[in-house]
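One structure follows; several queries about it will come next.
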Amino acid sequence: MFNSIHEECGVFGVFENKTTNVAQTTYLGLFALQHRGQESAGIAVCDDGIFRHYKGKGLVENVFTKESLDSLGKGNMAIGHVRYSTTGGDNPNNIQPLTVRHVKGNLALAHNGNLTNADELRKSFEMNGAIFHATSDTESIAYAIVRERINSSSIEEAINHAMSDIKGAYSCIAMSATKLIAFRDPNGFRPLCIGYTADNGYVVASESCAIDSIGGKFIRDILPGEIVVITKDGITSIKDHCNEAPHKLCVFEFIYFARPDSVIEGSSVHHARITAGKYLYEESGVDADVVIGVPDSGLDAALGYSQASGIPYGIGFLKNKYIGRSFIKPSQAQRENAVRIKLNVIKETVEGKRVILIDDSIVRGTTSKRIVKLIREAGAKEVHMRISAPPFISQCYFGTDVDSKENLIACKYDNVSDIAKIIGVDSLAYLSLDAAHKLATNSKCDFCDGCFTGKYPVEVPTNIEKNKFEQKISESKNN
Amino acid sequence: MFNSIHEECGVFGVFENKTTNVAQTTYLGLFALQHRGQESAGIAVCDDGIFRHYKGKGLVENVFTKESLDSLGKGNMAIGHVRYSTTGGDNPNNIQPLTVRHVKGNLALAHNGNLTNADELRKSFEMNGAIFHATSDTESIAYAIVRERINSSSIEEAINHAMSDIKGAYSCIAMSATKLIAFRDPNGFRPLCIGYTADNGYVVASESCAIDSIGGKFIRDILPGEIVVITKDGITSIKDHCNEAPHKLCVFEFIYFARPDSVIEGSSVHHARITAGKYLYEESGVDADVVIGVPDSGLDAALGYSQASGIPYGIGFLKNKYIGRSFIKPSQAQRENAVRIKLNVIKETVEGKRVILIDDSIVRGTTSKRIVKLIREAGAKEVHMRISAPPFISQCYFGTDVDSKENLIACKYDNVSDIAKIIGVDSLAYLSLDAAHKLATNSKCDFCDGCFTGKYPVEVPTNIEKNKFEQKISESKNN
Amino acid sequence: MFNSIHEECGVFGVFENKTTNVAQTTYLGLFALQHRGQESAGIAVCDDGIFRHYKGKGLVENVFTKESLDSLGKGNMAIGHVRYSTTGGDNPNNIQPLTVRHVKGNLALAHNGNLTNADELRKSFEMNGAIFHATSDTESIAYAIVRERINSSSIEEAINHAMSDIKGAYSCIAMSATKLIAFRDPNGFRPLCIGYTADNGYVVASESCAIDSIGGKFIRDILPGEIVVITKDGITSIKDHCNEAPHKLCVFEFIYFARPDSVIEGSSVHHARITAGKYLYEESGVDADVVIGVPDSGLDAALGYSQASGIPYGIGFLKNKYIGRSFIKPSQAQRENAVRIKLNVIKETVEGKRVILIDDSIVRGTTSKRIVKLIREAGAKEVHMRISAPPFISQCYFGTDVDSKENLIACKYDNVSDIAKIIGVDSLAYLSLDAAHKLATNSKCDFCDGCFTGKYPVEVPTNIEKNKFEQKISESKNN
Amino acid sequence: MFNSIHEECGVFGVFENKTTNVAQTTYLGLFALQHRGQESAGIAVCDDGIFRHYKGKGLVENVFTKESLDSLGKGNMAIGHVRYSTTGGDNPNNIQPLTVRHVKGNLALAHNGNLTNADELRKSFEMNGAIFHATSDTESIAYAIVRERINSSSIEEAINHAMSDIKGAYSCIAMSATKLIAFRDPNGFRPLCIGYTADNGYVVASESCAIDSIGGKFIRDILPGEIVVITKDGITSIKDHCNEAPHKLCVFEFIYFARPDSVIEGSSVHHARITAGKYLYEESGVDADVVIGVPDSGLDAALGYSQASGIPYGIGFLKNKYIGRSFIKPSQAQRENAVRIKLNVIKETVEGKRVILIDDSIVRGTTSKRIVKLIREAGAKEVHMRISAPPFISQCYFGTDVDSKENLIACKYDNVSDIAKIIGVDSLAYLSLDAAHKLATNSKCDFCDGCFTGKYPVEVPTNIEKNKFEQKISESKNN
C-alpha cells in the first residue's frame, strides 16, 4: 500500500552522563524512526544548559548536512523529531522539536500524537495574552507546562499538573537545562519506550528499533500516564496519571506504522503481523498456489498466512528502492504505465498460478486495483486479496491522518463483494475486529479501534463536518 | 570600509486595494533595502485574512527562489524584512517578519531597532506564562501589543497602549488580517517613510529608495512617535506619542547605512555626504593633487571635498563586485596578498601624487592600514586620510552593532596623530561633532550621537560590562 | 551483502515514431536500471537531428531536476546511461552517454562492459592524432566507429567493421541523427534486450525490467555479436559477428547484479536465484529451524533453500531504506554500533533458533562477520552460512569491479573452514562451480566464470600486477 | 549599459617552483577576470604530471565550493578560464579549460578569442577520423597542436607549427605535464600578459589586474605572435610568428571589457577611458551643469569629460550591487517600474540641471531610453548623451558577441539625430573613429575597428547571412 495512511511523528531523546556527540546519536535514532514521518526533522541539543537546534523540511538525510549537524555541537542531552505534516500544516514553525524560553529557562519539546482539546486549550491561553507561532498542538502542551511551571517547584511537577489539562494522544519528550523527561498519555495511544545507551546513559524513543540502531539496550515501555524523569542522578518515575485500565494503543502501530523489528507493549511487531496472516487464513482461507505480500508492510502477514495454510510463500514484487522524494512524476499520458516503475511483478512467481495477495489496508482502492491488474497481466489465474486489518470507516483523532470519509472505499460500498468487484479480485476478505484485538501477546495491551468502529476510548470533538485545519484557517481570518 | 559597523534591519510593507502580487513587490523592495541587513530575509503575505510566510538565512536573492516566492501566493498586503544578525543571535527563530496568532487573529511584525528595556519586558511577560521562541526584541513588542489587544477595541489602539511600555529604538510595520500599521519610536532613531504604490496603494519602508525601486511615489517620513494605519478606507494617523522635541535620528544613517539615493527627514543622503566632505575640507583642509574615496560609502564625501577644495576628484579604486558571501577565503599565507582581490588601486590615479583619501570611519584600523599600504605601493607620494564622521568611542543601544570598546582604535589611542602613525598616513582628521550635527538640511532633524559621545538621548541599560547576548545565554542556563 | 562488488553500467535507448517526451521515458528506464550504477547518470536526446544532453554525478533522481529534464526537450530518440565509477575514474568527462560530432554528424554512445584491448586501441588512435577527453573505454569504441565511418556507407556498416577491432565486453547503444543502434559483443558478457514501447516504438535496455517499467513489451535478447538497427522504417539486424558458441554471460548477472524481475537469456533472474538456493541445499544441506536471506539479493536464494529443504523461510532483517548517499557516517567510536542502523535483526525470527543464513557472496568477510554477530546477539543458537555463488579468487576484465586479490578472503585462506571460523559461523558452504553453470534454464546460455576460476573466455591483458587505472595515471605523466 | 555586448573569455595560468596551492591562486585570479565571462568557470591543476580539473556553469564563486576547490589538490601549475557562452553554445562540454590526453600525454588548454577558419579546420580533422566533444574553437586548436605534436620534438614546437594553421583571434594558455605555455595570435586581438607570483613563479593572465589580485608583479604583455614557454628552468620565448605590423587589439578592450585598473599594451585602461571623455568634450562639447556616467563603465569617461570641460562631475546613479544571477524578474506588469531596482537616479545630482550623460555604447537603444527617462523624471532640465565609442554597425569575428545587425540601432537609423530622438535626449554624439584610434598611449598599439567600419584586419568568413551557430546545428543534422 502506498502511503495513504500517515502517522504524524517519531520522537527520540538521549541523556548521557558526559558531554559527547549526542546530536550524532539522535541523528542515528531519527534514521531508525524515519518511517514515522518524512516531512520534516529536527534536533535540539543541550550543552551545559545552552540550547542549540536545527530543523528543516525533508528527510533526516536531507535536513542534516555535515555542516548543520556539526553546528549543533556536543552536549549531554538531545531530543529529536521526525514529522509527517498534514494538509494545512505546512507552516515551517510547526517543525519540531519546539524550542522555547520561559520564566525558568529553556524548554525543548517533541510530541507524537494529537490532542482532542487543542482548540479549547489554545483559546484559554490566548485569552491570557499568549501568542502562537505554530498551528501544531505541541505549542499548547508547552503553554500548559509553562503555565504550571510558574507555581511549581520543578519542571516535572509542572508536567504532572499540565497532564490534567491536556486530553488525547501524546507521547512526549521534554528537555530542560538539566533534565530529560518522557511522558505518555494515560491511554497510551502512541508507543514510547526507554533503554540504555552504550555508554550507560538513557535513550527514549517512539520505537525500540531506534534503541537498537544506536547500539543501546531496551529496558521497557513508558507506561500510559507515566512521567519518566532522567537527571544526572538517575531515573525517577511519576505515576499519578497511570491507571489499571487496558491500554489503548493505536492498532495501526502493529499493522502498519511501526517497524517489524520493534517490540511494543511486549509484543514483537513482526510477530503481530505474522499472527494477522494466520488469523486471515483461519477466518477466510482459500485454496491457492502461492501467497505474496505487497511490500513492505504486507510481507510479514503473507508469511504468516503461508505458514498457517501450508501454501507456499512467494516473492511477488520488486519494489524500486531508488524512487525518492525528488522523483519527477511522468506526464498523465505516461502515468498509467509508470506504476511499474515503483512496483514490478516478478512474473515467475505468479504466472499461471492462483495467487493470494496480502496487503495491510485498502484506502481508496485505486492502488489496489492497479496492483491486481499488474498481477493479472503477469499471468495469474486467480487473485484473492486478504487485508490484515478491518476496513476503515471512521476518522482518527489521535494522530493518524486517514483519508476523508467520502474517499474511503469501505464507506462508499456496503459489502465486501462490491469492493472486490471494483478492485478486480476473485475474492476479498478483511481481518475481523476480534482478531485485530488479539494481535498483541501482552494481555494488558488493548487497542483503540476507533477508525474501524467509530467508537473512541475518550471524548472526541463533535464538530466533525470540517476537518480541523480548515477550521483553523477560517478562524484566523478574524481580527 | 569593509563591513565593520552593522545596522540590524530594513523593513518594508505594501497595501494594495486589490489582490495582486504583493510578494513580488515586497521582494523588489527588500532588494533595495538589502544594504541594511544581509543575514536573513523574510516576507509575510496576507491573502483575505490568511497569512503565508517564507523566511530564510542569506541574501534576498538566495532566500527566495521562484518556487518559494510563488508559494506565498497573491494577496493585498505583505510585509518584509532584511536582517543583520549579531553574535549569539544566530537562532533561526529570530528571522523576521515574526508571524504569530493571538486571541484576535493573525499578526505579522517587522522591526528595525533595539529596545532598551527588552529584558524587563521579557521577564514581565514570562512571569505571566509567556514563552519565547526567539531572542530578538521583536517578540517582546508582539507580546506588548497582544497583551493590550485583549482589552482594546482595535489593533491600533493596542499598539498605541503598547508604545507606552516599550522603550528604545523601533521602526515597525505590523500586519493584521485587514490593516497595515507602521509605527516609530518617539525619538525617531531609525528612519521610516511612506509612499504610494504605482496602483494607488500604499508602501511603507525604511528608506525612500525602496519606494523608488517599486516605481512608487514618496509621500513623507513617518513622524517619530506616529502610528500610521492603512486600511481599505485609507490612511489614518495616531500621534499620541509624538512630541515637539528634536528628532534623534542615528547619525550613521546619513554617514554610512542609508543609500545615497534615499531622502531621510527631508535631506538627501547623497547631499549630506557631499556636505560632510565639504566640512572636512573646511575643518582640516590640506593641499594635494587628488581626492579619492574608499568605495562605496566614501565616494560622495570625496566628491564633496573635491568640490569645496578645487582639488581634482579621482577614481582611486576598482572594487570587485563579484566577491560574494560564498567566496572561499585564501589560506593565511595568501591572505595578505588577497586584499587586492576585493579592492585594487587604479595606479594611474595615484602614482606620483599627493592623495587625500576619504573614508566614513575607522573601526579597528586594520583595513585602513592595508588600504593605505596599497596606495603607497601604487606610487602615492603622500596620503592624507579624512574621515567623514567623528571617532567612535562608545557602544550603541539602538540597533547598530559597533565593535567592542577594546577593539576600537579611537578608544585605544588618545590622540589622532598616534592613530595616523599606526595607519601609516601623513595626516589624519575626523569630522567634528558640530559638523556632524549640521549634515541634515532639515532643522527639526537632530541626531543621536551616543557612539561619539557616550551620552544617549534616553536611559540605557546600566549593566554594560557584558554584552546582552552573553547575558541572555547565561540566563538561559537556569531551570 | 553491502555493495562490495560493482557492476559498471546500465544502458537504455528508445526510438519512437513521432516526436514525444523520450527524455521522460529514458528517465523512467534509468530508474529501473539504477541498481546497475549509482555514481552518475545521463540522457542524450535526438530531436530531428539535433542532439541535446544532460549528465551529472549522482543518482538519476538527483542528477535530473524538473528543469534539467525539461531542458532536454522532446525528440523521437534518446539514450541513457547509469554508471558506477571505479577508482581513478572520477573524471567527469567519463559520464555517459558520450556525445560527439564526427565527419558525418552527431553520435551518442552508451556502453556497458569493459574492453580487453582498450590500451592498444587508444595508442593506435593517438598515433594518428586523436585526443581523448575521458579515460573510459567508450571513447575508444567511438573512435573505432568514426574511423570506419569515413569509408563506410552507413553508421551500421562502420559499427560492423569496428566490431572486428574491439575486444572484450560491450553491450552498447548508439544514436545517430536518424538511427538507434544496439550492438553486443560476440561473447555476450553483459545483457542487452529489446522490446516495444507502449506507442509501438522500440526500446533497448540492459535488462527487461526497464522495458516493464515504461509499460513496454519485451521482445527478445539482442544476440551476442548482433547489431540491431532501428530506423523509421523498422528493425534490421546484422549478424556477421554472431556465432554458434555458447554465450558467456557474466554469472554474477544472475547471482547479484540483475533485478529479480528481469528475464535474461530466457531465464528469470528470480528463478535462477531460487535455483541457487535449491542447489545449496542439495550440495550442503544442514538441519535448522529457519532460513533467512541477507537483503536484498540473498532473499530469493533463501526462499529456494527453504522450498527445497522444507525448513521454514523467515524474514530475518529489517533493512533501513532511508540510508542514502548523503548519510553522515558516525564517528569511529559510534561506528561499531551503527551497523544496526542499516540492518537490524528481527529478533522474533531468530531467537533460540538454528539459523541458515543465505548471502550471495563474501568479499572481505568484514560485513559477514558483523551480520553474524548481530544474529547471535539476537539469540540464534546456531548460524550456518550458505553462499549462492562460488568463492571469488580472481579479477574480472569485463566490467565488474571486484576487490583486489589481497583483500579477497577466499584468496587469503585456503579452506572454507578457516573462513567460517573468521566469520563466526557454525558451518559455511559455497555454491559449486557446476551448480553455478546450471542456473540458467536456457541451454545456449553458458557463463563466464573467470572470477571463480581465473580462466577467461577471451585473451586478457597480461600486465596484471597493476590495475589499469594506476597504469593510466602513470602513463599520463609523460610528455 | 547593461550587458549587451559580451566578451567571451578570460584566461589565467600559474607556474610555481614548488608544489603549492595553485588551485587557490587560480581561483583568486579568475575572480579578478570574472568581468570577462560569467557563464562558466574551470580550473585544471597539474600535480607532478597528473591532471585534475573541475568546471561548471555559473560564476567562479558558485562553481567552486570549498569541497570542489579542495578536490583539485595541490600542484605546481594550474590554468583557469571564465567564459561567456553565446547562443547555441550552451553545450556543457564547451566549458574550459579543455583537458585532454594525446599520444604524448596530458594537455590542458584555455582560450580567449575566436578563430576565423574554425570550420575548415574542423572539417580537415574530421576527415581524418577526429571526434569533437565541444562546439567551441578551442578543441580545433587542441587538434592542431596534437597533430603537429606527433612529429615534433616538443609541445612548444608543435604549437609553433600549429600557429601557421589557425587563423583569427587567440590568446591561449596551454599546460602540459611539465610546461606552462602562453601564446597569442599575430594580430594581438585579445590581451595577454605575464608577471611574477609572490613566490617567484610566473603568472599569465588576460589582464594585469589578475596579476595584482594575487599579489604578483606585472612584467609585460605577451607579444602578438609570441609563444612564451615556462618550465622549471625558467622562461623562453619563440617569436617566429611575431612581426612589425601594428597590433590590432580589440578597441572594446579599452572602452568596455577590460577592468580600469588593468594596463594593456602599456596603457592604463582607466586613463584610456578618461582620454575618451576628453576627446568627447573636444569633439562634441556642450554646455551643462553636471557630467554623470552610467555605472560602471561610463564613470571614467564622465570624469574625463568633466576634467576637460570644467563642468562638475556628479554621481548620478546608485547601482544595486545585490542584483545577481538568481534575481527573479518581475512579471511584465511590474517590469517597467522595476528598472529602478537596478539603477536608481540620485535626484539631488540632476534635479533642475542640464545633464551630460556618458555611456560606453548604445546597442538596441532600449536601455538608454529608460535611463534617460529616469533622469528626466528626477527633474533634469536637459539631457545630452555622449558615447565613448563610435557606433556599432558590423559583426565581430574575433570573440565579441555583438547583437545581430537588425537589432543595432546605429544600423537601423542613418543619422545620429534620429537616434537622439528615439532615446529622448536633447543631443547625442559618439566618439569619432579617429579619436578611438588615439586611446592608447603606446604608438605600437593600434586597434581592430571592424565593428565600427566593417573592415577587418584579416580575412573573415564570407557566409554572413547565418550566424555560425545556426550553421553548426544544421550541419549536425546530416548523417
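So that you can tell them apart, the chains are marked A, B, C and D in the order they are listed, and the count of residues begins at 1 in each.
One rule holds for everything that comes next: contacts are C-beta pairs under 8 Å (C-beta built on N, C-alpha and C of every residue); 3 or more make two chains touch, one makes a residue touch a chain.
Quick caveat: nothing in here was measured; it's all calculated off a predicted structure.
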Could you work out which chain's C-alpha centre is the most distant one from the centre of chain A? D
Cα centroid separation between chain A and chain C, in whole Å? 37
Please report how many Å separate the Cα centroid of chain A from that of chain D, as a whole number. 60
At what distance in angstrom does the C-alpha mean of chain D lie from that of chain C? 47
Residues of chain C whose C-beta touches two or more other chains: none
Between which chains does touch occur? A-B, A-C, B-D, C-D
Within the complex, chain D is touched by chain B residues 21, 24-25, 27-28, 31-32, 34-35, 59-62, 64-66, 69, 198, 209, 212-215, 259-261, 263, 268, 270-271, 274, 296, 299-300, 303, 307, 312-315, 317-318, 320-324, 326-328, 330-331, 334, 336-338, 340-341, 344-349
Looking at the complex, which residues from chain A come into contact with chain B? 48-51, 55, 92-93, 99-107, 123, 125-133, 135, 139, 142-143, 146-147, 150, 155, 176-179, 473, 475-479
